[in-house]
């Protein structure tokens, strides 16, 4: 049953790279993201925030939290967790 | 097989009716004294078995064939059980024979007689079945011959 | 009005499925959840269907706000699941899928612990076929581990319910609490199914091994049934807040380094359950509404994500991030649907996750659980990171893997489209969902301050991803096995022996031999006595049988006579 | 009018049908009679149940001779429960018997087989219904003799040895029972069970009475195959024709258990006497050993029929375990399991009969891959196997549930753990069969088999359905059993 469904279709890899794969386009997207982030932080000035706990009303709190949290997450996962738990793919097989 | 022993054969022939009459005596005396269908059945079967031992199993089976024996066994049981049901159908408890006669004693008497007859048939035929069964084993050739004669009869 | 348990409609309706063919089967299987849905919609609150057994009333149809909302979403999930799996020819998948969903729905409407238990075990037994249907040795092994753990959960539930029955004389399934031993046992039983930390690994172990269609169904029912049960029995239990916070936070670390994308989804499933568990632990009306709403929204978007990964697996045969990439070119629709699912789980405004997750966060803030609130916020950023970005990015974009699979089959696309429509619909008109929640809602998700906060959080999380990718700090996708707590039982035995090697050194071989020899000898002994030719299994000579009779007779005589003197 | 005679009819119907079969000597006609008789007997026991529920204990004087002089048939809740099980299981089995016997015997021998079947049924029903101790012995012999023949008719040559061993052991058991009854008669001067129950309490500590108890205990233990007197059972079940195995597994040992309850709790005066003897401890130990030893043996068996035969020994252990508590819950558990196990084991042996019918082998290796070839047969076995394990939704769960409840009432938590472990062992041996049937490539033999004929499947599925039904609605199992257990404990008769 499953074998039939699993025909990977590897034919015809196009020679030319798609729009998204070209390096200059990726850079453009990254820059767009930077700009959006900047605008979002600046919006803090315009929109009055009704802070529930006090500290979450500070300027740029959510942005900083998101950024630092994510970096922390990835770095801990990469340098903290992976060395401990990573095993070869067929670890349980032998 | 004792075909050559003439004394045995003659005596056996003389004894047979006596044994059978004794069996019937025991059978019908069962109401009043020691006796009854069980003992009578064994006695009657003994007559046939004696006959078979002296004159050979085929001869005995000529008198009462295997298939008759096989029918007699369940028939006796049926008579026994059926009598009880007859009591049931006549409105009394199972095995209550009182309604068979004009008064309860007569009914019970008749009922017992029929039941005993059933027991007689079953016991006698069972004894014979056992005898035929083992006799057949002892003398395969005779059994085969008996079967043949039985078939030719039919 | 017909008052019949909707779960039984699905279970009984599954029975004729093996005998149906072609379009008749399709229509039949689609009609079942629809019929059950209509029936459920028409039912007023109250207990409607009782049978008596064990000298107790078994309430099979307790309808109230909480059970109704879970009933609705389960029926929606099985409806989507049926559409998604229409192309599958293996009949056992269809049957077990329907029975499984029926059992889950039955459990939701169970008004007493005994019938809850029966359905609880039925979900375990019926769902394992969705895993076994993969027919790979890994799936077989994982399925067996799954079954043992799930049945174990049922055994705990049984033990707990008997104790509670004994103490209170009632088997009604109401608030249980952890004051009694039975209550703790039942909490453990629920906790296994809800994938509490350290009890969670069956989820990541088994779900990625199921068939593409099986995982979609698995993701919907088992864990959410546990969430329902927790909300019913343990609302307001303080400990759950902390358990939930740990649950929300720790799986995302694993998700970041995991290569198998369906396993990434399994980790994020675990993380989302954490939010709901926190909501239940807080136990206020807002929090419970939030937990129910989040379960509702979550089932749809998680199913959507698993559907999109299932489509990829169906077409390419793999969901390893290291093998995929660039699929957006040939599977554009799947890509779009996956992104919608990703946006929903990440709680982008206008998507379903936003309006439910924020209820739980607000409830945590209202009750002053600031630290937990912080953890959940971190988890929100993290879930965006691995589910919102990682899944679509590595599967459909990233470096071109050169694979050009066909677009997913039509029925899969329809199912994904419906799920996507629901994700967006709930996000845009939350009042529809709020209307069916167990308690009255006066919560407004769309304030400009709230929207801005969420968008900032998510965009800066994306920023972090971009920066880490561009600086090369992001951990590369590697083919690997990442240990989880299942390591405890899958490897610990041998590891203890290896530990002996290192510490005891020369003693090792002695100990090892001893242990192995003991075990071997035990089995040999067992076999010698109980095996086909063993002394206990042998056909004994008649004489020795009679000897036993004599021995027993003497024993009994002696025992009886002793009493006289 | 008929209602008044139901107790007699219960035994008379199969008794009359048996010789009819033998006289007709035609397989088909005999089968029709057997089916009719068995179904009528089932109807009669249902009628009896309603009468007992209505008016309490029924006493029927055979031949109009009032007890204790005459033979009395005495029906109370416990009897009628067992009558229901015996005639009900028989009623499901007998339609099934047609195909298997037709394939194996010529017409005359088929008729003999049904005759023997009906006699065995008569005997078992008679043992259960009669209120007379000597009558018990007579009916016990009728049923035993008939079952020896039924076992000896098995296809395997070893069936003869098995029947012979069963004959020896069965005769020893019957002799012990008759010795016990004789001693009781010598001490009390009555054979009527009700009368015995009145007179024994005054003399219960005299030596002859205790000796009688010992003989009865051992004799009955042999009949119900309580460990270590079970040795005749595995071969007898394994090598007999499938119909015989199904019938005996479903009824014969169950009637043995009924006798045990009747003598210990009714005749010897209720739970108090039972508890004052060392019987509870003895039964507890023997039951646990039976459960574990037999289950473990079952685990290693290669012959599937033998595996389930050993499983029967283990399941009987569960029943006697319930009896050993001598509490209302414990006895309820025993009675419930008596009914449930009768139904599920009969069903399993019937479905195994379907397998033999097509596959002509019982080896587990030959059964590899049979799940795809005979889907309904194997599905039925799986459902009944789940019930054997005690999975919820099946009747086996109800049995285990009551047993666990009884153990907890006594505060024996370790026993609860043992029961769970025993269920796990059951899961393993049932799992072995499932693994072979579903997850292995079909064996050479299994490649060419088809699904069994409907005439065999439908009767088996009646029992499968009953197993599921009794797992959901326990009015007729646990509900009745609870009342019966209460009357046992109070020695009401």
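Chains here go by letter, A, B, C and D, matching the order in which they are written, and residues are numbered from 1 within each.
Keep this in mind: a contact is a pair of C-beta atoms (placed from the backbone, for glycine too) under 8 Å apart; a residue touches a chain by one contact, two chains touch by 3 or more.
Since the model is a prediction, treat every value here as computed from it, not as a measurement.
Counting C-beta pairs in contact, the chain pair with the largest number is A-C.
Chain A and chain D have Cα centroids lying 68 Å from one another.
Measuring from the averaged C-alpha position of chain B to that of chain D gives a distance of 36 Å. Taking each chain's centre as the average of its CA atoms, chain A and chain C sit 26 Å apart. Chain centres here are Cα averages; for chain A and chain B they lie 101 Å apart.
Per the contact rule defined earlier, chains pair up in contact as A-C, B-D, C-D. Considering their complex, residues 70-71, 73-78, 81-82, 84-85, 87-88, 91-98 of chain B touch chain D.
If you check the complex, the residues on chain D that touch chain C are 161, 164-165, 168-169, 172-173, 176, 205, 207, 210-211, 213-215, 217-218, 221-222, 228-229, 231-232, 234-235, 276-278, 282, 293, 296-297, 299-303, 310, 391-393, 398, 401, 404-405, 408, 420, 439, 472-475, 478-479, 482. Partner chain C is touched in their complex by these residues of chain A: 1-2, 5-13, 17-18, 20-21, 30, 33-34, 36-37, 40-41, 43-44, 47-50, 52-53, 56, 60, 62-71, 73-78, 80-82, 84-92. Every residue of chain C that touches chain D in the complex is listed here, in rising order: 51-55, 117-118, 121-122, 125, 140, 154-155, 162, 166, 526-527, 530-532, 534, 536-537, 539-540, 542, 545-546, 548-549, 552-553, 555-557, 559-564. Every residue of chain C that touches chain A in the complex is listed here, in rising order: 88-90, 134-135, 211, 252-254, 256-257, 314-318, 326, 328-330, 362, 365-366, 370, 373, 377-378, 381-382, 385, 397, 399-400, 402-406, 447-449, 452-468, 470, 473-475, 478-484, 490-491.
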